[in-house]
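Below you'll find the structure, written out as structure tokens, and then a few comments.
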Amino acid sequence: MSASLEKGINALKQVIDAPIASYFSSCVHCGLCADACLFYTETGDPKYTPIHKLEPLRRVYEQEYTLLGRLKKVVGLSKPVTDDELDQWQELVYDSCTMCGRCSMVCPVGNDIVYMVRKFREGMAASGHVPDGIKGATKRTVEIGGPMGLKWPAVANVIRKAEEATGFAIPVDKEGADYLVLLSSMEIVNFPEYLEALAKIFNKAGISFTLASDAFEATNAGIQIGNSDIAKVIVSRIVDAAEKLKVKNVLSPECGHAYMAIRWEGPNLIGRPFTFNVVHVLELLDNLRQKGVLKMKGTFKDPLILHDPCQIVRRGGVLNAPEPLIRQVAENYIPIVDKQKWNWCCGGGGGASAIHTDEAEALRAKVFGIKKRQIEEAGVKTVVTFCANCRIVMEEAIDHYEMDTQLLGLTELLAEHLED
Amino acid sequence: MHGPLIDTLTRQGVTRRTFLKYCATLASMMALPPGAGRAMAEAMAAARRPSVIWLPFQECTGCTESITRSHSPTLEGMIFDMISLDYQETLMAAAGHQAEEALHAAMKENAGKYLLIVDGSIPLDMDGAYSCIGGRSNLEILKEAAEGAAAIVAMGSCAAFGGIPKANPNPTGAVSVSDIIKDKPIVNIPGCPPIPVVMTGVLAHYLTFGSLPELDDKGRPKAFFGETIHDRCYRRPFYDQGKFAKTFDDEGARMGWCLFELGCKGPVTYNACATVKWNGGTSWPVESGHGCLGCSEPDFWDAGGFYKALSVPADPLEISAAAAVVGAGAGVAVSFANRAKKGAAKSAHETTTLADLEK
Amino acid sequence: MNELQFLTWVRGPGLDIAVGIFLLGVVWRLFEIYTLGRKKDLAAPRHAAGASGLHTVFRRSIPPPGGVKRSPVSYIGGYTFHIGLAIVVFGFAPHILLVKNLTGLSWPGLPSQFVDLAAVITMAAMVVVLVDRINKPVKRFLSTFGDWFAWAVTFLPVLTGWLAVQHLLLPYTTMLALHILSVEILLIVLPFTKLFHAFTLFGSRWYNGKVNGQRGVPV
């Protein structure tokens, strides 16, 4: 029970660097970032303007790291950031920001706003201003093993069921495998077909793989809260297991933030480069497709659109794998206008989907309007995506709007149509 | 040389018709209404020539040279005959005590009615000892002469604004007439020197109407100083087209392009050179290929150099290099402070555990 | 002080002070910002064509898809006045002379009537973006005193310069002196206001492009 404003400000002082200084010095209040943020476009409320979500961070930067800012603080022209303000900003930084990164793409002076939001969260976490929902997920991940409180026996159960369904062995704790497979709790609980799909594909391709009994969880709520210390604890489990099992690659599942956590933040959290590669499952699948290993025995006929999860595509860099894969398995894939790195967020990333207050849920439903319009304009009843969180969030919204739309996972879809 | 002007003119073989034409020209140059030319002619013809006293102070005699450097046989010269020039050191025959007597006699006889013309600036330092005539300082002489004057004409930039003696560092403490005399009507006719017809035009106006012409905020007659050289310059189309001579001898110079880049002060100078020209309308500085010096403006000697265009700095920048170094110093100092602060923040970091997420 | 002395002062000591403070401020602020440094990214980079800091420095000048449609005034007005300012500042012969005097560099100027047109269009565009800042909820919400002030110190030089050339409002000598003075004010405040984006936008775009380029995303 020791979060405090002082700790929060200290955390902010630590994370402020030249990019952040450059960004705050360049902002000309043009407001174009708001045009890219679904929380603004769907509500019309200017408080959701992305750069505004960072106002306390800007003040800390100015007052601590600029000469004029320090003088202003001394003479009282600039007020120090208060605990109250951070409290007010909690809604802006967590409920209405999914760290989707669209704002960083459009800022004319080049500000990387999502970079700053991630760092701002370090201060929010250290000062105790984190939504309960995400706190809960983090607690469960640290103490039990995953955000939903899943323990290994439950996972082992799912593995056994998958082995039975597919007829293939799914190794656990095997040394020297090509791939260490990670799973997200969401998949284990809601979409166990994903593991079955993996088993089929790996066997077809002749790739050796394993799971780790002490590091099966891919998601990292520490990243979502924005606390690097906790995120490090969580990611270290995977690194330790991968190094202990001497695997060549770690396979990141269809979960957005999991990929960001292990592929991009991981080495920086533990302070050294990895000794293994990190591969997203779609990268692996596209690789296999290019080698001609992924042969389809039929195709999916219904017209569909692709939803590109923010953390995998725009923020993760897996730009080119998804489309060829969907084209491989679907006859009627309709590319939408804002696709790939320009895609609109599902509204539930960054930990937002874990916030279960009435206001947060109402907001998420409202901002789904943009995806709803994309689906309606394309005139389709099927949306394919490759992030379990996006799937859940969108399924909830589709329910809310009583839409007749089905959500499918890409890996699952591929596996279903895979030639035996 | 007394008696009405018209007699003098007739004696010199100038017809009434020529005289009328001259007055009409002069009137139109001064933008006076049509009838003024005739009024001028009548007034001047009948005028009893007023006394004019010309006092030279810290001057180069250029103004005197200019006013006499009008074409000959001169119409300006006739105006000269129109007045009773009772004291003018360069032109008068007398010298020494005789000259002094003539001066005091004229002042006494015409007290309150004579026109006082002054050229040259008035030094104030060393109690005015820098410039004395007959053992008396210019300052003293001016004050005495101004008392009985009906009006004062400050002839030339020195008398009007201080001129070259006043230029930096002003070693004699030179000032203008209007800096000293505050209680008499003063007309400034600046120029270094002024254009001859400008000088005589003002006198003609005074003779005709008994008053000084309309003056601008610097006491200059608007008729001659109401517009800038730039606005009347025949090379203006080249300025507008962006065609500039870059040296005195290049293609542009030979094509007669604008001299802005060679330092022409035309845009900020009020005078009549562009329309009236010099040497009886022969030419003027720009037409001869040299930029306007701005000689009818106050402090034109200190206006940043004759060959520096108006858009370039008047003086070389002196503090820039030092300022950049100071800036770098400040920046480095701040960067050290920043790094220290960041280091301190890092040291103060307490690893966050789950418990630390709660307040 | 009469108007020619005022003009001589702004051309002389005034310019010296303003350029001095400008250089001091720019160097100081650049140090202050960029010496904060950045931790090295330890993740294995993904190499993608066209994804780098340098690419983003240039590419970010292109509006994003759908951007102009959503906020036409911001983009069109913004481009118009920036380009207009560049034309007036760098294309007008007297300005080129100033640069030549200070640095030795020079280039051909544009015809004065073209610069005149550019100045008018620039001022019109600036007024339009000002009105938009007042009308649009997001911009109005974000705007502080600094925004209005920055607009004014940028607008005044264009206005006074144009008035001087047109011989409007005040006599030329005074108008020219006010123009030069307004530019000096702009120079002095530039490093300490949002106008400093003129220098930092390159660094900002570069960092953004680099971080995303590391991940293989061209931004």
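We just call them A, B and C in the order they show up, numbering each chain from 1.
Simple rule for what comes next: a contact is a pair of C-beta atoms (placed from the backbone, for glycine too) under 8 Å apart; a residue touches a chain by one contact, two chains touch by 3 or more.
Model, not experiment: these values are computed from the prediction.
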item: Closest chain to global C-alpha mean, per-chain Cα centroids; value: C
item: Of B-C and A-B, pair with higher C-beta contact tally; value: B-C
item: For chain A paired with chain C, centre-to-centre distance based on mean C-alpha positions, whole Å; value: 38
item: Inter-centroid spacing, chain B versus chain A (mean Cα positions, whole Å); value: 78
item: Chain centre separation in whole Å, for chain C relative to chain B (CA means); value: 40
item: Multi-chain contact residues (two or more partners), chain B; value: 330, 334, 338, 342
item: Residues of chain C touching at least two other chains; value: 28-29, 32, 35-36
item: Two or more partner chains touched - positions in chain A; value: 16, 65-67
item: Touch list for chain C against partner chain B, complex; value: 2, 4-5, 7-8, 11-13, 15-17, 19-21, 23-32, 35-36, 93-95, 97-98, 100-102, 109-113, 167, 172-173, 176
item: Of chain C, residues touching chain A in the complex; value: 28-29, 32-39, 41-44, 46, 48, 56-57, 60-61, 64-67, 70-71, 74, 78, 136-144, 147, 150, 192, 194, 196-197, 200-201, 203-209, 211-212, 215-217, 219
item: Chain A residues touching chain C - in the complex, by the definition given at the top; value: 16-23, 25-32, 34-36, 40, 44, 46-47, 49, 51-52, 65-68, 104-112, 115, 263-268, 271-274, 277-278, 314-317, 319, 337-338, 341-342
item: Touching residues (chain side chain B, partner chain A) in the complex; value: 330, 334, 338, 341-342, 345-346, 348-359
item: Of chain B, residues touching chain C in the complex; value: 218, 228, 230-231, 239-242, 244, 260-261, 267-268, 294, 297-300, 302-304, 308-315, 317-320, 322-324, 326-328, 330-332, 334-335, 338-339, 342
